[in-house]
Amino acid sequence: MLLASLVLLPFLGSVLAALMPQDARNRESWLAIGVAVGGLAIAAALFPQVAAGEVVRAEFAWLPAKGLDFVLRVDGLAWVFTVLVLAIGLLVVLYARYYMSPEDPVPRFFAFLLAFMGSMLGVVLSGNLVQLVVFWELTSLTSFLLIGYWHHRADARRGARMAFTVTATGGLCLMAGVLVLGHIVGSYDLDVVLAAGDLIRGHELYLPALVLIALGALTKSAQFPFHFWLPHAMAAPTPVSSYLHSATMVKAGVFLLVRLWPALAGTPEWTWIIGGAGVCTLLIGAFVAIFQHDLKGLLAYSTISHLGLITVLIGIGTPLAIVAAIFHILNHATFKASLFMAAGIIDHETGTRDLRVLRGLRHKLPITATLAIVASAAMAGVPLLNGFLSKEMFFAETLQVGGDLNWWMSYAAVAMGMFSVAYSLRFISVFFGAPAQGLPRDPHEPPRWMRFPVELLVLACLVVGVAPGVSIEPLLHLAVVATLGEAAPVYDLAVWHGLNLPLLMSVCALVGGVALYVVLRRHFDLAQRERVPLIHRLNGAQAYETTMLQLTRGAEWLLRRVGTRRLQPQLMLMMVALLLVPPLLAGVPPAWTAIPLQGFDPLFAGMWLIGAGCALAGAWMAKYHRLAALALVGGTGIVTAATFLWLSAPDLALTQLMVETVTTVLILLGLRWLPPRIESITGSTQPAWRVWTRRGRDLALAVGGGLALAALTYAVLVHPASDTIADFFLLNALSGGGGSNVVNVLLVDFRNFDTLGEITVLAIVALTVYALLRRFRPAPESAGIPPQQRFEGDPASRQNPAEQADRGYLLVPGIYLRLLLPFMGVIAVYFFMRGHNLPGGGFVAGLIFAVAILVQYMLAGTVWVESHLSLRPHRWLGFGLLLACVTGLGAWWFEHPFLTTHTAHVHWPLVGELHLPSAFVFDLGVFAVVVGTTMLMLVALAHQSLRAHRHPGEDAPADGQGGAEGRRL
Amino acid sequence: MSGAESLPWWAAIPVALLLVLGGLITLVGTIGLARLQSFYQRIHGPAITIALGAGCILVASMLYFTVAQSRLVIHELLISVFVLMTAPVVSMLIMRAAVYRDLRAARDMDPGNDAGNS
Amino acid sequence: MRRWLPSPLLSASLLLMWLMLNQTLEPAHWLLGGVLGVLAPLLSRPLQPHGHARIRRPLALFRLLWMAAVEIVRSCFNVTQIILLRRSADVNSQFIRVPLELKSPHGLALLSCLINSTPGTVWVEILPERHELLLHVFDLHDEAWWVHTIKTRYEQPIIEVFETPEPGGSRT
Amino acid sequence: MTTATLLSAASFFALACVVLAMLLCTLRLMVGPSAQDRVLALDTLWMCVMVLALLLGIRHGSQIYFEAALIIALLGFVSTIALAKFLMRGEVIE
Amino acid sequence: MTSLPWLNHLIIVPVLLPLVVGALMIPINQARHGLKFALGLSSGVLLWAVAVALLVLADSGHWPGGIGVYLAANWAAPFGIALVADRLSALMLVLAATIALAVLVFSARRWDRVGVGFHPLFQFLLMGLNGAFLTNDLFNLFVFFEVMLAASYGLVLHGYNLRRIQAGMQYIAVNLVASLLFLIGVSLIYAASGTLNIADLGARVALLGAQDAWLLQIGATVLALAFLTKGAMWPLGFWLPTTYASASAPVGAMLVLMTKVGVYAVLRVWLAVFGEGAGAAEGFGFTALTLGGMATLLFGAIGMLASQDGGRMAGYGAIVSSGTLLAVVGQAGGAVLASGLYYLLGSTLAMAAFMLLIELTERIRPPGAALIAITMEAFAIEDKPEDPVGVGIPGTLAFLGLSFAACALVIAGMPPLSGFVAKFSLFHALLAAAPEAVPATTWMLIGLMILAGLAAIIALMRLGVRTFWAAGAVTPPRLQFSEAAPVGALVLLCVLLTVQAGTVFDYLGRTTAGLLRSGDYAARVLGEPPVLRAPGAEEGAR
Amino acid sequence: MELVLAISVGVVFGAGVWLILRPRTFQLITGLLLMSYAVNLFIFAMGRLWVDKPPITPTPAIDPAQFADPLPQGLVLTAIVIGFATTALYLVIMIGARGLSGSDHVDGEEPRE
């Protein structure tokens, strides 16, 4: 529980901080300090156990099935890092209290900072590798938010994105690596993994795992070639730089390598990958640092270099090297954090961080100058400071690399030492010389408590540097034993080991570094150089930006190749898929050759000569001769209906005929709003060969699709049916469903649930069409009155529709059409009533009824009909659906499932016995929905004419009717 | 192709004759539709089909079912009535559409001259 | 009576149709057909501005229909002959105008049915200015004969059927 | 020869005539040349299918086919007058 | 059995309730938004309660095998249409109801009045979704697909402008063709097997002759093409990003759910038909599904990288999640499937929240642009809406940013939210499925998923930085509580899903175990007896 | 008969496929109509072909083998209705898009080439 609260505390603090008001700078700091102190207290409480060599674990079940429990685990190494995180965190918080401007919205800052602290503790304390990855990515995320804290600045946004992209990508690699590791070991538990080193190193997946984990660690620790994000992260407020980007987060990578040392290290691959990256980083970082003009930039590159140093040590991988690595992690955290804070003070006080401007600050900032110089000396590896000790251990280790004859590692180390002396000198040069003029702000010593963290850290550098054995030795020992276990070496943290090769190397580095600095300054214009000599082309940031840009561009390019926004290619692909995928998966039919040729009916064939001819001709005409195409397609429709009739499906024939009629009227109503396409104005600029290629391809697809469907149809038709559920329907329609027309019984009884859905579709489409037409804006070419109606030669052009029907050319047809109305109505009733036993039913009846009304619309026009008849299709729709539902629900009353049919047997005098199945009422609902739908759609379409129409002779009342249409519908 | 029940000869022969006649008349009507030169001639073809071709078949049907089912089957009359009620409307409207389309086309070709309808 | 049964003839036709459709004479269907025969005209009345036809001389009507039927068969034979045997260009197809006195819409409707059902003639429209019927004739020999025939053999009987004044009532 | 064969032959002949008639209609439907030609052809096609339905009824001695013919007789003209009105007036419902 | 236990009626309520409520709304005057909203919300709340009840019933052992069967119209399966509420369908119902509730609340402010008919269409959409989740009959599935699609056509076009209608044309055309494929597939399956019932099909498949088996496989493949068009598998899903980008926010959120229906249908049909006990056909098409899923995943990742605006990015995100799920279904392992379902839950919730969020974040713009946008929306409104600009609530930007980040994390599969848990458990299960030698496709799949996550990170970060951080563009948007609350609730659900991962996985484990025992499933569905109609009445058992 | 119907289904379907690959909305809607015919016939054919055997069973005691398969007929009926509805919908969208965009291209805008 104690452990859990250690991790939870910062997150809790983060939430609290986020909820505080904008100007609560003091309260925020106190909260953060409280969290850090609290954490330290918990750490202190844990110390006895840890010091005793115990591994304290706390487990919480989360996802046991996946080997994913929430495990916290603290051993020496974790404890030391915990203290590091919390202690530096405490100082940074204190520093930030003074660094942040009163106008800054600090709640966000402290919330993010505390969240980072929690995440970092999570990384350090995770006892489960997956959980470690979680916290790992959380540190990336919080780092992103903190770098982007001043997000109105472009460099902050850019730096944040860059850092996050690189580290999160690394995190993904780490996750993959952890997965592989877990796969090898069979567990993600850290203790299990650490104990399985030999198994891992011997496994065939060792190299992938190593590479993936290394990618994670190296990106996080800003190792070459992923180092470039760190300098750009300096756009963050300085407390963030000092905390995340020097002391803690960037150490997560090397921490991980140290942590996994027992499991992964000890192979040539390890040395080459880790060590190689480290060497490059250490040299490049140190070299580039010399040529920076930004104080923080210089520190950032030096951080990179020092991280490279640590990485090299880990790569070397000997127990002593690991000791040196851990030691240097601690040392670097101390002096670099203080240096960043000093740089922050300079920035804060002078308003600039530009090395080309800053001079002579020791006059105005004497104390800060002293502190910074001492810290720089530690960074340069000057004796009696902590940096010297770990660096000398490093020199000693490099000598071991490659045996006695191989010195390259040592040369590299000395070169790095020289560079670090040079950039340290460059850093402290701001304090010397004549005081700078024209600084943005007049510098003063910072507030007492802002300097306090620096003082404390520099003191630590001194104490460790002078008396390592007393100060750091116990801590280091704790960590080393926890990491190396039995392999822990004997080592001696003393300032003086006598005259030896490492000492010589240190001296060389110091002297060479000073000389290098002087030479560069005197002869190479170090103070004003625009770019880094030799390797300025090696610009990771540029590469990153280019990569990101290319990634987007490439993705766009690729997307155009493998995707489309146009409809035709999509439909084409669907057809291609239809043609290719089924045979690819299912193969060729097993009985292909055995398919017999069946009987041939010349009359039926003649009929389909018509149907197919109409279809082909319709396809040919559809572009320019829409009406002809419509008529031709209608021809196919009639033949289809006739086919249904011929082949024992009278219900289908009736339905098809009615639908055919309604569809024709519907499309004609729509065609009125689609201006004609004139053959002569095809402005296609495409070359002919492309047009023909496309047509050829489409033709091939059409032929292929047709052939495929024909073949399938034939294959089924000549193949005897297997045992189907159809027999049940035939046998039970009359006895169970109470009707002899099995198709209708299917629709209103056996599968009435389908029918319910189907009428819902109708209602939905009607509503949608209505909604669409409410906002319909016709094409300008078709918005006016059609030319036919403007033709003065036609007497009807001077009459409104009602007059045409009353005394115009429609007088005579009108007599018939009006007389037919009651007949059509009765026929609709007839088809409705007989449906259950003979072809017919609610659907056909509904269509007949709707068409009967429609004919009246065609005859006398919308205005006249609606002034004489109020139809309210919405009510028909709603009523029909509800009726169908209520009928179905009636079954609940009889404790039966929804839509179970019941038949009431009523005996009426004179009439006789009446069977009233509930399916009948259900069918009535179908009828109502069909009428409502058809009327709503067609009438809504017809109403569009009223918008444009103002007939010359049309009078005011008619207009009033036109305005009222919306209400009535 | 079974189903046609056995009818006595006295009924079968007229039914067969009516069927053949109806089929032929239907065919003649559409031959007119296909063969004649102008639309105004072609429109006269289907009138035969509708009036007499269908009529023969309807009579044949009535006769056939009345004899075959030994009861009066005359609901085919309804079809005749409906056809007679709707056919005039159809030909009137198609004819009038053709006339005014042609008039309009003539006006568009030769403005100033009001072509008469004869 | 008039209110609930605006057109007994129509109602009777509907009942007849119902019985024919169901091919039955069961009492239940008489009842149902009767109800429908009453309801359908009532419900469709708002859309019937011309009201329903009153046939004043049923006998004259039957005579007319019989004559028309004979004429249809005769014309059918003629037209068939022309279609099968004559070259299209030789056929003298013409529009003709027939001045009409018949005003009753129902009468005009009947006339149109007879003319259109007769192969060889198609009704185009009634030209509003002079109340002339525009007619298309498939094979025209003599325009005056046509005008005369239509006026005497068709128009006069129809006027007789529909426009004979009835004492005490006026046409709707 | 029985009456059944006679009727079968007669109905086959009539069906053949009707199918041929339909073919001729289709020819006109495809060729045009004017829109009214197509409308006329389509209407005639409907009528032919009506006759076809009646003939099938006779051929199979079944009344099942009657309703299809009835529907065509009563409502087959609707799409034709819609087309005709469209040609004449530029819209179906004014 | 002479009467149906009343609890069983609950199974059909998710279909029936929205139908009745939608039907009731049709005749109501368009101006009465309040009434319609109240009706819709009541329906939503009730639906949610019913869905949860079904989940509890399915999981509590109330029904044998955790499978509740409802015989619509009281005809025994496979003759009648059987609805099946098992753990999976109950889970999907809960998911649908949850998102629907959020969307409904979200749209209360103004979306329901930019056109007519929003509320009834929304109810019908729910009916279609729920029906598709519940039905066990292939043709009934078609009908419910059509109900769902028809409603979605209306909703996609809701309050249409040029962009929306262009997208709508594409969406509708593609889906109409897909529906034709659906019909071809279903009818072929019927021709081959003589049944439409999915469970019955599974029971029959092993007994089919060679020719019938071939026809069945062809039919199933064509059917799958239809499902996968709706589920947006590459190269059938190009309609999706365009549609997402142009649909209004609430509709977009519902579309997220609809893509999942395609995947769900594949899962249901394939496991029942080609799962264990399918004889020679066992495992048919699974590999193709994996490969297709991987191609889809890759395509979605590329699309995310290439997209600049939120709607389109969300669309490609949905494609990524579809691809992942399809690949997972293709793996057909129990543990893999459970992880896949977990992924489905998280990604659906997050994507829905993201769709809503995008609309809100689009208000973070220079005032001019926002004003123009609002005016343009208002211009198209005929019913004179109330002023869409409300009173800002404090911290709106923080709220939006936080929600955005949370959605982005889930979508990209980054720690610590459910997306990561899902991905990790998927990887774990995939690797664990092959303890000896992991096949190359598995490695490829894992690699692709990681890459897709990376692409998502990059794309979403770019979008987020532009939206929330771009200099000078940030004006605190005005936000209604009714708009913020649904987004917040969905995000919180993602968090809850993470925290309660153990519980959820337990449930999913039981779910997949049931799914993989297709024999038990068939026995349960086909064995459900109808209620006796009347004493002595003839009953239709085969 | 079987062969004729199979070929017919193929021809109509092929004509529909050709049309849905065309660029104009009217072509697309015509293609969808034709494809629906073909698919409806296809579904219908899945119950095999029967002449003069409509699934109307006047008495309960029957031989199911003497009747056409009613199930595909029921399915076709539903498919016809749904097809009708969706055609209507696409039609309205088609004219709506034409009005808004000034183009009858299926993408709602003329291709930029």
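A few remarks follow.
Should a chain be cited, it is by its letter among A, B, C, D, E and F, assigned in written order, with residues numbered from 1 in that chain.
Here is the rule we go by: contacts are C-beta pairs under 8 Å (C-beta built on N, C-alpha and C of every residue); 3 or more make two chains touch, one makes a residue touch a chain.
Note that the structure is predicted; figures quoted are calculated from it, not measured.
Taking each chain's centre as the mean of its C-alpha atoms, the one that lies farthest from the centre of chain D is A.
Chain-level centrality, scored on Cα centres against the all-protein Cα centre, points to E.
Looking at which of E-F and A-B shares more C-beta pairs in contact, the answer is the pair E-F. For the pair chain B and chain C, the distance between mean C-alpha positions equals 17 Å.
Centre-to-centre spacing of chain A and chain D amounts to 59 Å, using the average Cα coordinate of each chain.
Chain A and chain C have CA centres that are 74 Å apart.
Touching two or more other chains at once are residues 20, 25, 42, 46-47, 51-52, 54, 56, 71, 78, 82, 85-86, 89, 93-94, 96, 100, 106-107 of chain F. Counting partner chains per residue, chain E shows two or more touched chains at residues 139, 143, 146, 150, 153, 157, 160, 169-170, 173, 177, 184, 188, 190-191, 196. Counting partners per residue, chain A has 565, 567, 571, 630, 646, 650, 671, 709, 712, 716, 721, 724-726, 729, 731, 735, 751, 754, 758, 761, 765, 768, 772, 787-788, 809, 812-813, 816, 819-820, 823, 827, 838-839, 941 as the residues that reach two or more other chains. Contacts from chain C toward chain A in the complex involve residues 10, 13-14, 17-18, 21-22, 26-28, 31, 36-37, 40-41, 43-44, 46-50, 52, 105-106, 108-109, 112-113, 123, 125-128.
Only residues 12, 15-16, 19-20, 22-23, 25-26, 29-30, 32, 35, 38-39, 41-42, 45-46, 49, 52-53, 56, 64-65, 67-68, 70-72, 74-76, 78-79, 81-83, 85-94 of chain D touch chain A when the two sit together in their complex. Only residues 17, 20-21, 23, 72-73, 76, 79-80, 83-84, 88-89, 91, 93-96, 109, 112-113, 115-125, 134, 136, 138 of chain C touch chain B when the two sit together in their complex. Interface of chain F with chain A (complex): residues 1-27, 29-31, 33-34, 37-38, 40-42, 44-60, 62, 64, 67-71, 73-74, 76-78, 80-82, 84-89, 91-96, 98-100, 102, 104, 106-107, 111, 113. Across the interface of their complex, chain B is touched by residues 787-788, 791, 793-794, 809, 812-813, 816-817, 819-820, 823 of chain A.
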